[in-house]
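You will see chain A twice below: alongside chain B first, and alongside chain C after that.
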Partner chain A sequence: MKLTFARLGNLHIAGKAIFEALEVDVVLPPPPTKRTMSLGSLHSPEFACLPLKVNIGNYLEAMEKGANTIVMVGGIGPCRVGLYGEVQRQILEGLGHDIKMVVVEPPQGRLSGVLRQLRELTGAQTITQYIKAANIGWRKLTAIDALEKLALKVRPFEESRGDVSSALNTALMLLDDADNPKDVACALEKGKTIIEVCHKKDDSDRPQIGIVGEVFMVLEPFVNCEIEKCLGEMGVVVHRSIYLSDWIMEHVVKDAFRVLRKSKTPYELAKPYLCHFVGGHGVETIASTVDYARQGLDGVIQIAPFTCMPEIIAQDLLPTVSRDLGIPVMTLVLDEHSSGTGVLTRLEAFVDLVQMSRSSRR
Partner chain B sequence: MTGSGYLGVDVGSVSTNVVLTDDSGALQEKIYLRTQGDPISAVKEGMRRLAPVAKDIEILGVGTSGSGRKLAGVVLGADCIKNEITAHAVAANYELPGVKTVIEIGGQDSKIIILRQGVVIDFAMNTVCAAGTGSFLEQQAARLGIAIDRFGELALGSRTPVRIAGRCAVFAESDMIHKQQMGHRIEDIIFGLCEALVRNYLNNVGKGKVIEPPVVFQGGVAANAGMKAAFEKELGTQVVVPEHYDMMGALGAALVAAEERSRKDRQSRFRGFHAFNRDYATKTFECKGCPNLCEVVNITMDNETIARWGSRCGKWDSLLKGGDSLDPR
Partner chain C sequence: MRETIGFPRALLFYYYYPAWRAFFESLGQICVVSGETTKAVIDSGIKVTVDEACLPVKAFHGHALSLSDTCDRVFVPRLVSVEKKAYICPKLMGLPDMVRQNCSGIRRILDPCIDMSRNSRAYKREVYATGRLFTGNGRKIHAARERAKQTYQAFAKLLQGGLAPIDAMTRLDLLDTPGDNGSRSSLGISTPAKAENNRPLVIGLLGHPYIIYDSFLGMNVMERLRLMGAHVVTMDMLSPQVIEQEAAKSKKRVFWTIGRKLLGAGYYFLKPGIVDGCLLMSSFACGPDAFIGEFLQQESIRSERQVPFMTITVDEHTGEAGVLTRLEAFIDISERSMLR
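Up next, the complex of A and B:
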């Protein structure tokens, strides 16, 4: 068996570590390119969202490298990701591929189902091995998040353009090579240093912009026109509302052990505007915007894939949030037809807007 | 003309506009050119025409804007390269201080900008639909056999405008043909079209925005009196079309350059009006370094590379020293 899974930012580093610790052969899809997007769009329904299209592209490219089994995370409506396991299986089978698809559904209080699905992939393994795999995976995941968070902080102060991005790449490579908890800790420390040295002597006040929206669009630089890098290089300190480790904690760990209870915070923050679960990150998009406004950030950008229902609901509510709390909000709706130039024009204008309102407040 | 001033150049999809202002930002000269898919030639032509009037003027700063702002910036040696949203807002607020809403409809895009106390607080640009922009109106005028500059005047002659489906340019067109076949007057169809386009604009671009007066209407389409009347009817308020409505992007670019100059006092990078004598060329090649197959653009002046862009990874851009002079910061 050769296992693959779709790309999502730098998640593959942790994913690979987990499955390799369980002695599973992993074939990673190559980093997404225009080819991935074209392949995916060609074989996906036109009105499916961009995440599905890019995932299909990932699978097809991984299969070219020999993958024959796919693992993905399921979902429970209204977001369409819950349907996509079956859609993907039918698309790939329709193309004549003999592929096994394992969809790990949200535990909803029962871990046994998840374990049974995992055993399908890994064969019989001792519980110690599972714990070992989860341990290294979790450590890598939190390390990825720590490095990315640091890069966002340092990038607006880098000496010359691109320094932080290449430092982050090096740091992630070190992390990918580490294969035990001790090495992971070492790689993390070393990585942090590599990024921190890019910080030039300048602590001037920079505009602060928060990024909210759908998880795939927020985390995958290829589809969001590298928004974090673009903004950072314009001198903006970017705050990202979604990190993989938080997401897994909330949607997998706490969902499996109901005693921990999912945190009520997003609902409390979003309450005056949205008090229903609308699927995906709809509630979180509103909640994070409220949170960023209260923290005193200068602006918020929502990123959504075209036709994403939860984000459409949030998008319609955001102008009210923006007016009530006095924080500028811009929505970027993206799909395979989006042009980088159009996105850049809007980002530049939004940064101008934020700069102007900052200087007029002084 | 003598003294000193600023140069603003707006390279759009349809037109390239050049303005020369005095040192206070007041517009002195303006030139309207068709871009015709060749921005470099348009910019060179603009300089060639401006040179005789402006040869004794010291250019303190140059600003470029529009979709071709980066290319024009390289060709001219611009001091600042500004996105068209900010440029339009700055110019509108200069022409009508205290403006709260800017409606801008150009050749292929339309935008709305909301300002309070001279500060932009919100904006939007058309994303998925170009119905109602200049290109569409021009195409419809041609189809009806009407000169585009008579379009607005005819619309004002309408007595009972017909309702045209305005959600989509293609449907609007077939609906117009249908109304013609039914025997409606051309004036009523044209004003009906203006109303449909205004509804389309307010529903798509203006969605969720609080439109308060004073309202400024600018961009090439503002020449169309029918569109202005339709906006006034729909919004129930007076709409101001500034004197240089078709030059606002270029004027904004010049004003931004002036502001930049007042902040950091430095020599302009302007290459001089003789730019039109230079030989500029662009060459595109596909980078085979990875499956992205980026189309890298290389710009040369008299056979010397002056700028390069287009690679996702930035590999080709960084080969060029001093590339940061193009920094939009």
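Up next, the complex of A and C:
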């Protein structure tokens, strides 16, 4: 069996570590390119959201490399991601591929189903091995988040353009190579140093922009036209509302172990504008915007895939949040036709606007 | 206190208005329905919503705005779920928030939250809370609820018997409000005459109720198909058992109520020998339909395209002539497959 899974930011580093610790052969899809996007959109429904299309592209490219089993997460709605597995299975089978699709449904308090599926995938493994795998996976995940967070902080102050991005890449490579918890900690420290040395001596005040929106679009640089890098290189300090480890803690771990209560904060923050769960990340998008406005950030950018239902609701409500709390908000709706240049132009215009409103406030 | 409650003629009005009206009338309130969808209604909706919102949601805003002057309250329910473990559509879950913020002209919004996804207790509580806005008498609310239930059952029976929602509402005398004087005849679609010697072409029509039964959004598709000599069957005319049974074929349960209905009806229509052609009418960028359409497309391919299957997508720019041409072509192909 050769296992593969869709790419999402740098999640593959942790994913690979987990499955390799369970002695499963992993074939990673190659980093997404234009070809991935074309393959994906060619075979997906036109009005499906972009993540589904990119996933399909990932799978097809991984299958070219020999993958024959796909693992992905399910869901219980109302967001469409819960049906991704079924749609994708039918698309791939329709194309004549003989592929096994393992869809891990949210445990909703019962872990037995998930464990059974994992057993099926990995062959019987001892419980210690599962714990070991989860341990290294989680450590790598939090390390990825720490490195990415640091890169966002340092990038606006880098000596020459691109320093931080290449330092981050090196750091992630070190992390990828680490294969036990001690090495992970070592790689993290080394990575942090590599990124920190890019910081030039300059503490001038920089505009601060928050990124909110749909999880995949926020986390995957390929589909958001490297928005963090673009903004950072314009000298903007970027605050990202979603980190993988937080997301997994909230939506996977707390779903598996019901004793841990899910956070109610997003609902409280979003309350005046959106009073009900709307699936996906809709409430969190509004909540993070409110939170960023209160923290005194200079602007917020929402990123959503075209036709994303929860984000459309948020997009509809964000102008009111923006007016009420006096924070500029821009929405970027992206799909397979979006071009980096188009996005860059809009970002530049937005940063100009943010800077003007900053100087007028002083 | 007697209030006028306005009901936008959009979204799930087509399924639940009879129940809503029975409930509020029993409580002594006056129910008013907005007029039929027109270009002007859509335009006023488009002005206040984001581009990305779907056409039915834009139309809903237009209808709600048209009621703002004449009504004390506009009814914008938060329809989260009408059955266990299934939702309708995320957009309906956020609808009251959207209307409240987009339509500042509307004085008061009546937005009960209807959520039966876990159990019906919260729903019952919400019904009583809504009733209590108008009366302090719990027994009266209970009676109103019972009447709503009965009316809904009578209505559902008429739908299954082959009536379009508007006709069924007219039959039950629920639409005698100003705003639909006589114009309903344009949607006056009744059960067609029994098949004569050579049977008529049978077309299975799929689509969200607020598209196919709205004469403007759905461009009178039922009437048009009938004028072309076809007998039209919609998912609402099928028995719930058939739909449930077919939808259960999906490996993963579809968690949208209407989506599952569409899927079940679609799988049924695509079986050879049931209908001569299957038509899905969908709104541009409709989230659930993107997936349901793909499931049906795959099923159609698997069954070697024995039943012609076509999707028509409508949005605010759709021209009637273009749709007409496609319908004609579809009828031609379906006829050919019938004769085969």
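As a convention for this text, the second predicted complex is superposed on the first by the 362 of 362 C-alpha atoms of A that agree within 3 Å, B and C clash if a C-alpha of one lies under 4 Å from a C-alpha of the other, contacts with A are read in each partner's own complex, and residues count from 1 in each chain.
Everything below uses one rule, namely that contacts are C-beta pairs under 8 Å (C-beta built on N, C-alpha and C of every residue); 3 or more make two chains touch, one makes a residue touch a chain.
No experiment lies behind these values; they were computed from the predicted model shown.
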Which superposed partner A:D316 touches (first chain B, second chain C, both, neither): both
Partner chain(s) touched by A:M234 [first = chain B, second = chain C, both, neither]: first
Contacts of A:G9 with chain B and chain C, given as first, second, both or neither: neither
A:V87 touches, of chain B and chain C: first, second, both or neither? second
First, second, both or neither for A:T345, with chain B first and chain C second: first
Partner chain(s) touched by A:V333 [first = chain B, second = chain C, both, neither]: both
More chain A residues in contact [chain B versus chain C]: C
Touching partner for A:R35 - first (chain B), second (chain C), both, neither: first
Set intersection of chain A contacts, chain C complex versus chain B complex: 316, 333
List of chain C residues in touch with chain A within their complex: 49-50, 52-53, 78, 80, 85-91, 93-94, 96-98, 101-102, 113, 250-252, 254-256, 284-291, 293-295, 297-298, 301-302
Chain A to chain B touching residues, read off their complex: 30, 33-36, 160-162, 234-235, 316, 319, 322-323, 328, 330, 333, 341-342, 345-346, 348-350, 352-353, 356-357, 360
Chain C-facing residues of chain A, complex: 44-49, 74, 76-80, 82-83, 85-87, 89-91, 94, 103, 273-280, 282, 306-310, 312-313, 315-317, 320, 333
Complex contacts: residues of chain B adjacent to chain A: 67, 82-86, 117-123, 125, 127, 208-210, 290-293, 314, 318, 324, 327-329
